[in-house]
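Please find the structures below.
In the two assemblies presented below, subunit A is common to both, partnered first by subunit B and then by subunit C.
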Partner chain A sequence: MRSIARFQTAMAWGLILATLLLGWFGRDLAKALDARWLVKFPSAWVIHFKTKISAAMKWLVEEAAIGPVAFTDITRALAWLIEQPYELVLAFLAHGFFLDSGADPLVILPAISWIAVTAGVIALGHYCRDWGLALLVGACCIYLAVFGQWESAMVTLASVLIAVPIGAGGGLMAGIWAYRHPLGERILSPILDLMQTIPIFAYLVPILFMFGFGPVSALVATIIYATPPMIRITILALKAVDPEILDFGRMAGTTERQLMWRVLVPSASQSLMVGVNQVIMLTLNMVIIASMIGAGGLGFDVLAALRRLDIGAGFEAGIAIVVLAIAVDRLSQAFAERMGQIQHVQPGSWLARHKRTALVTTLLAVTWVLGQFSPLLLTYPESQTITTGVFWNDTVKYLNVNYFDLFEAVKVFFLHWFLLPIKKVLLGLPWPWAIAMLSLLGWRIGGAKLALLCAALSTLILISGLWSKAMITVYLCGASVILATLIGVPLGVLAALNRRAGAVVNLLIDTLQTLPSFVYLIPVVMLFRVGDFTAMIAIVLYALAPAVRYAAHGVRNINEELIEAGLVSGCTKWQLLRLVRLPLALPEILLGINQTIMLALSMLVITALVGTRDLGQEVYIALTKADTGRGLVAGLAIAFVAIIADRLIKAGARGARLRFGLES
Partner chain B sequence: MPLKTKLSCRNVWKLYGANAERFLDRDMPPSGEDLRKAGIIGAVRNASIDIAEGEIFIIMGLSGSGKSTLVRCLSRLIEPTAGQVLFDGTDLLCANEAELIEIRRHKMGMVFQHFALLPHLTVLQNVMFPLTIQGVAKSQAAESALEVVELVGLKGREAYYPRELSGGQQQRVGIARSLVTEPDLWFLDEPFSALDPLIRREMQDEFLRLQARLHKTIVFITHDFEEAVRLADRIAIMKDGEIIQVATPEELVLNPASDYVAEFTRHIPRSKVLSVGGIMSAELTGEGDPIPQVTRISAVAEEIISADSPRPVCDGDGRIIGSIGRNAVAHVLFGSGEAS
Partner chain C sequence: MRQNLNVLAALTLATAVSTSSAWAAESSDPIRLTLHDWSGQLINTKIMGSILQEAGYKVEYVQADYIAQFAGLKTGDLHLAMEIWETTGREALDEATASGKVVNAGETGLMAIEEWWFPAYMKDHCPGLPDWQALKECSEEFSTAETSPYGRYVGGPVTWGGFDEERVEALELDFEVVHAGTDAALFAELESAYQRKDPIVLWVYVPHWAPAKYEGEFVEFPPYSAECYADPSVGVNPDMAYDCGKPRGPIWKAAWAGLPETWPGAYEIIQDYRISNEEMSAMVGKADLEGVEIDTVVSTWMSENKDRWSGWINN
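This part shows the complex of A and B:
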């Protein structure tokens, strides 16, 4: 037994060494053998999926029809349906209502006053919880006004107000459908899995193709992005309803509809609100990306600033998104709590019971009327806004002037000793060997099924002609994940073991998670200019959070008795960590790394803006050219990389849990 | 007087597993051994019972014995694999969706172990719920609901939410809700199991008080043999999906069908179950006032033991049919438990 185990270990190390050597000398070897096809997949063998998909899309948009109804009629009708309420909300919040759209339109009703919005938000905060929340959300509003972000923020808010009800409502309906029909769940769950791994950009392209550039496309993309978690949460929440409640509903003689809407959905409402909150947060996450296909507002401001490399403006608009996100998030959470609370109807007249509503309505009317005479009441005066843009620009300039050599030295060091070697090995690796090793790994960890999956997906990437781009993706993502793990896991362990450090780390992680992914890019680009190193730092920052969170969770949740067993055996603190805590936390840590990989992959497309040469760039180019086939194929390739990593690590984590008897 | 049968089931089976139906097509009903070999779980096996109108019928069994599954087959919350469920003489299993809804709306009520109250509704709204889904006018529904709320002793708490009530009070709401439609047939699925022992006792008394007034036909599930003995007219004991014995509490104690049943009865205070008629001797002797034969031993034990000679026992019409002496009573009170 022992000798077999030892032989297997030796074998594994041998294979790893062979892979490294093959990768390092792969190009030379191929040249010496005169077999370049080993490292570079011959273009003659490539199957051009992308042109086929493009052609199919073209057919869909130009010719497809069900009877007399053309496909484009359907998309147009959908667009119209979404556009009407959006225009209404937009006019109400940001632009005002006009009589005709000539050069000098007549204003019937200006947009709602900033004072009225702020008052309304404060009143809502007070209604939902207390003065503390009211003050927080009020401060958020005033920040937006004072820093000159008001109008953009209202445009963004308008898209949130449209996307969230549609996303949450649609998710609820889809979830209910899947709950009622087992077949529905079987259809939906693989789609949801895939949607979580395909980068958002990949489906921006077909949406752009079908709906054209503009706010409607942006809304459609946002809704598609934000709905899946709502579907999942709906299914889970409905399944989690006490079976006795279900039996009661049946015994009371409810019809199917009554059972769903009067028994199940209200009983699950607490969990469903968590889903709504998710939809809200994802919608706000999507704000910047959606501006690439025509959304205005804060996201557009950030994107435009990023393209100009104007760090000050980009940072300010980025912070404004965060501020808006905080306000909306806290309000929606408090609202959900309030709905779940006991509310006894207070006696008294309507006016006595609705003081806040009355006050805000009055304020709205007053500002509208008086606003005709004093514009200050309608829009925050531009002369009174402050900006920190200059400060940020100056800071970056100062750093660049005085510390350029230092930054350059750090960058060169990492490139030379860390990034480039990984890149060389991965690009030099002969693809037959790579696929064989990947399948072997899959077989060892998860058996024949996983091996087959690894082989099939990697072969698909290969024959679609994206092998080297995929390898660059793996390199960039892998290097970032290694770094994020090296930083994140120790931080997580520290946070779990030391309460004060935990508080600091938590604050750091919370901040990192609320910032939209784009915001990371701006300062890094300013300090390190474009390139792989910049991309890596931005990815590490974005993908750090789960590594920390899961490690902390894993270490904290170890059975107390095992720690005590270690202590009475006379372990030192260090031994306790190395021999008890870390091995037992391993499954959780692995899952954290898995999440880190997923986030890193989703960040790749964003880092394409700083000139990487991976699959992300491929998607980005496809987006700018509206090349559906190219975008979808590259997006799917990223999804395949993600799926392979995900399945391998999950199988590994499961194996570890089985070994420790944490799962049977 | 033969009572009218309200609900009965004939050869009801509920099997879980692949191709479970095919298993029942053979001539001989499958034994437990057959099912185990085929990897099929027999949750209810060949159950046949008759429940008379106005009777408290208790189904008793330990967890996993299939009692909950059986009661859900009777109410058709679970579709039985085979068999018949006759409610007022018609087969419930043949009813279509609309008929079933109609029957449940007007003729059945059910109380649940964990109350199954809707968390977003007040006490009154919860009790009104079965009426509102029928489309009864709100004011009329509220009026009926108030009546039952008062009946279960929750008057004044109509506007409370379930979370604000104790377990016992929540179950009172559950009971009120199941009674608001004035059903003929009342299912109670371990209604008091989730309550503290003291509250449980109080609720059992409350239940008997209600039944004395309402005369429902009751199917009551419990895993507590003491509770069963205290409340039941008749008890069905289940084990591994099968009904082992159906009898009155007294018969169960006197003539247990198997060691399994005897094991349950062993720790029961026999004087509270056995009646004078059950242990009397046939000698028509004795002095003093005759004792009716249905009297529980515990009620007259002290009198008989302190008396010097046996007392006569009479039947419902006052005829002397036997006698009971202190030896027989002492045996019940202090004996080892084996039937004499």
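This part shows the complex of A and C:
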């Protein structure tokens, strides 16, 4: 037995060494053997999926019809349906109702006053939890007004208010369907994988064709991106409902429909709200990309500010997105808690029971009427806004002028000793060897099925002619994930073991996740120039969060008895960490790394904006050339890389859990 | 962008149209103009929109991507794009007009220049500038750790084209072309280098705010000609094409092919519309460097040039 195990270990190390050597000398070898096809897949063998997809899309948009109703008529009707409530909310929150005629439209009803919104939000905070929450969300509103972000924030809020109900409601329906029909789950699962891993840029062009130009397309793209977690959580939550409750419902003689809506959904409501929360967060993550195709609002402000290199203004608009996210997030969480509690109807008249509603409604009416005489009541006066823009601009300038040489030295070090070697190995690796090794790895970790999946997906990438771009993708993401893990896991362990450090780390992670990456991308370009290193920094910053969160979660949730056992056997603090805590948290840490990889891949399209040459760039080029097929093929290639990584790591984590006896 | 209360709007519009009987046959639907994310285009579009509004048309602004907007112009989702650059948009424009669904509504009066550009302080490092031959001598002045011993030239996003790799080879310049992914990244490089007075040569285009903010010049390459791009034997290098500068040319207006029939009066105004590089540079500078709101810049232009635009309307 022992010798077999030793042989296997030696074998594994041997293969890894062989792979590294092959990669390092791959190009020279291919040249020496006169077999360039080994490292560069011959273009004659490439299957042109993209032209086929483009042709199919053209047919769908121009010719497809059910009877007399063209496909685009259906999508346009859908767009119209979404547009009506959106326009209404937008007019109510941001633009006001107009009688549109010529250059000077007549205002019928101005947009809701900032005072009324702030009061309403404070009242909602108080209703959902307490004065503490009311104060927090009120402060968020005041920030938006004082920093002059009010109108843009309301435009963004309008799109959130439309996208979230559609995403959450649709997700709930799809989840219920999948829960009822086992086949449904099997159909949905791969679709969800693709929805989460194909970059949005890849399907923006077809969406523009189908839903027309303007905010509706942006809303549709947002909904596609933000719905999958809701569906997944719905399925999980419904499955997790206590079977006794289910039996009780059946015994009470409910119909299928009653069982679902009166018993199952209410019992799962707490978990379902987690899904709604995810939808809200992802919707706010999308504001920058949505603004590129017509959503306007804070996302557009960020883009426009950076376009004129006003880093400060971009930063302020970015922080406004974070503030909005915090307010909406905390409110929705508190609202979910409140819904979960049993409420006693208080005695008294309607007015006595609805003091807050009455107050806010009165305030709304008063500001509308008096606003005719004093515009201050309707819009926050521009002269009273403050800005910290100059400070941010000067900070970046100071760093740039004084520390550029230092930054340059760090960059050169990382490039020479870290990035470039990885790149050389991956690009030099002969593809037959790479696919074989990937399949072997899949087979060792997850059996024949996983091996087949790895082989099939990587071969598809190969024959679509994107091999070398995919390898650059793997290199850039791989290097970033290694760094993010090296930084994130210790941070997470620290956050778990030290309460005060935990609070600081949490705040940092929350900000990094909601702050649009574009905001810090441009200052990073100023300090490090365009190129792979800059892209890597942006990816690491964005993808750090799950590595920290999962590591902290894993370390916190270790069985106390095992820690006790460690202490009793005389472990020092350091030994306890190294020998007990870290190994036991390993499955969680692996899942965190898995999520880090997913986030890193989703950043690729953004890093294409600073000049990387990977699949993300391919998607970006396709977007700017409105080439549907090219974008979708590259998008699918990214999704395949993601799926391979996801399946391998999940299988690995399961293996680790089995070994520690956490799962049987 | 604005909420229309349809019935009321239709009523008032009916009166509005009946008063201006000249365009009685025209549609009362709003004309949709596209907005991109650079100030010059926003100003240009909003001036056009304001003039159309003055003439009694309804106008809507729609955010759209520069190239992707052609899909919308073809279907009639979008009606008018005010800045299609000869230099970057010509291919897409030709393709769209060839389909018969988009028409070229003439020049805007703006002339686009795109070329290699350097800050004025580079003349101390490389005295022969702006002549391109000087780049041959002092390519090392422009080098960085990654490109050494070659000079580093920051080109535009790959999607802008520009044939810079070919140009470097044909003119035998010891430069490496590094592509910035976006306009913002490109000028972030310039800002960064300019703050430190570090060597840089990069792709700059006008009308843009950069030449107003930073002192510098375009490199003078052998002038562009179509033959130079197409025929290797033409130009400095007898064996290679692209041995000259980049083409310069007008910025065009592009419209949905249905626009001339739907709003014939508006189409005439659109065709008449002209604005100059100087005016535009001044306005872009105001908006991007002095932080004046775009709507303010537009309304200032409108009140200062009343004679000009009322001439276009009454023509």
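Simple rule for what comes next: the second predicted complex is superposed on the first by the 611 of 664 C-alpha atoms of A that agree within 3 Å, B and C clash if a C-alpha of one lies under 4 Å from a C-alpha of the other, contacts with A are read in each partner's own complex, and residues count from 1 in each chain.
Assume contacts are C-beta pairs under 8 Å (C-beta built on N, C-alpha and C of every residue); 3 or more make two chains touch, one makes a residue touch a chain.
Nothing here was measured: the structure is a model prediction, and the numbers come from that model.
Asks: In the superposition on subunit A, see if there is space for subunit B and subunit C together, and answer fit or clash.
Replies: Pair status: fit.
Asks: Of subunit B and subunit C, which one touches more of subunit A's residues?
Replies: C
Asks: With the two complexes overlaid on chain A, check the angle at subunit A between subunit B and subunit C, Cα centres, nearest 10°.
Replies: Value: 150 degrees, nearest 10.
Asks: Please work out whether A:Thr254 is in contact with subunit B alone, subunit C alone, both, or neither, and reply first, second, both or neither.
Replies: first
Asks: In the overlaid three-chain picture, which partner chain does A:Phe300 touch, first (subunit B) or second (subunit C), both, or neither?
Replies: Touch status of A:Phe300: second partner only.
Asks: Which holds for A:Leu208: it touches subunit B only (first), subunit C only (second), both, or neither?
Replies: Touch status of A:Leu208: second partner only.
Asks: Report for A:Arg499: first if it touches subunit B alone, second if subunit C alone, otherwise both or neither.
Replies: Touch partners of A:Arg499: none, neither subunit B nor subunit C.
Asks: Could you tell me if A:Ser267 is touching subunit B, subunit C, both of them or neither one (first, second, both, neither)?
Replies: Touch status of A:Ser267: first partner only.
Asks: Considering only C-alpha atoms, give the closest distance between subunit B and subunit C in the superposition, rounded to the nearest Å.
Replies: Comparing every C-alpha of subunit B with every C-alpha of subunit C, the smallest gap is 40 Å.
Asks: Okay, in this complex, where on subunit C does subunit A touch?
Replies: Going by the criterion above, the answer is residues 1-5, 8-9, 12-13, 16, 30, 32, 34, 37-39, 50, 53-54, 56-58, 62-72, 75, 77-78, 144-146, 154, 157-159, 178-185, 187-189, 191-192, 195-196, 198, 209, 287-288, 291.
Asks: Which subunit A residues qualify as touching subunit C in the complex?
Replies: Its residues touching subunit C are 87-88, 90-91, 95-103, 105, 108, 204-205, 208-209, 212-214, 291-296, 300, 303-304, 306-310, 397, 400-401, 404, 408, 411-412, 415, 521-523, 525-527, 529-531, 607-612, 617, 620-621, 623-626.
Asks: Show me the residue ranges of subunit A that touch subunit B in the complex, using the header's touch definition.
Replies: 242, 244-245, 247-248, 250-255, 258, 262-263, 266-267, 269, 342, 344-345
Asks: Where on subunit B is subunit A touching in the complex?
Replies: 72, 75, 77, 101-106, 108-110, 112-116, 118-121, 129-130, 133-134, 159, 161, 163-164, 187
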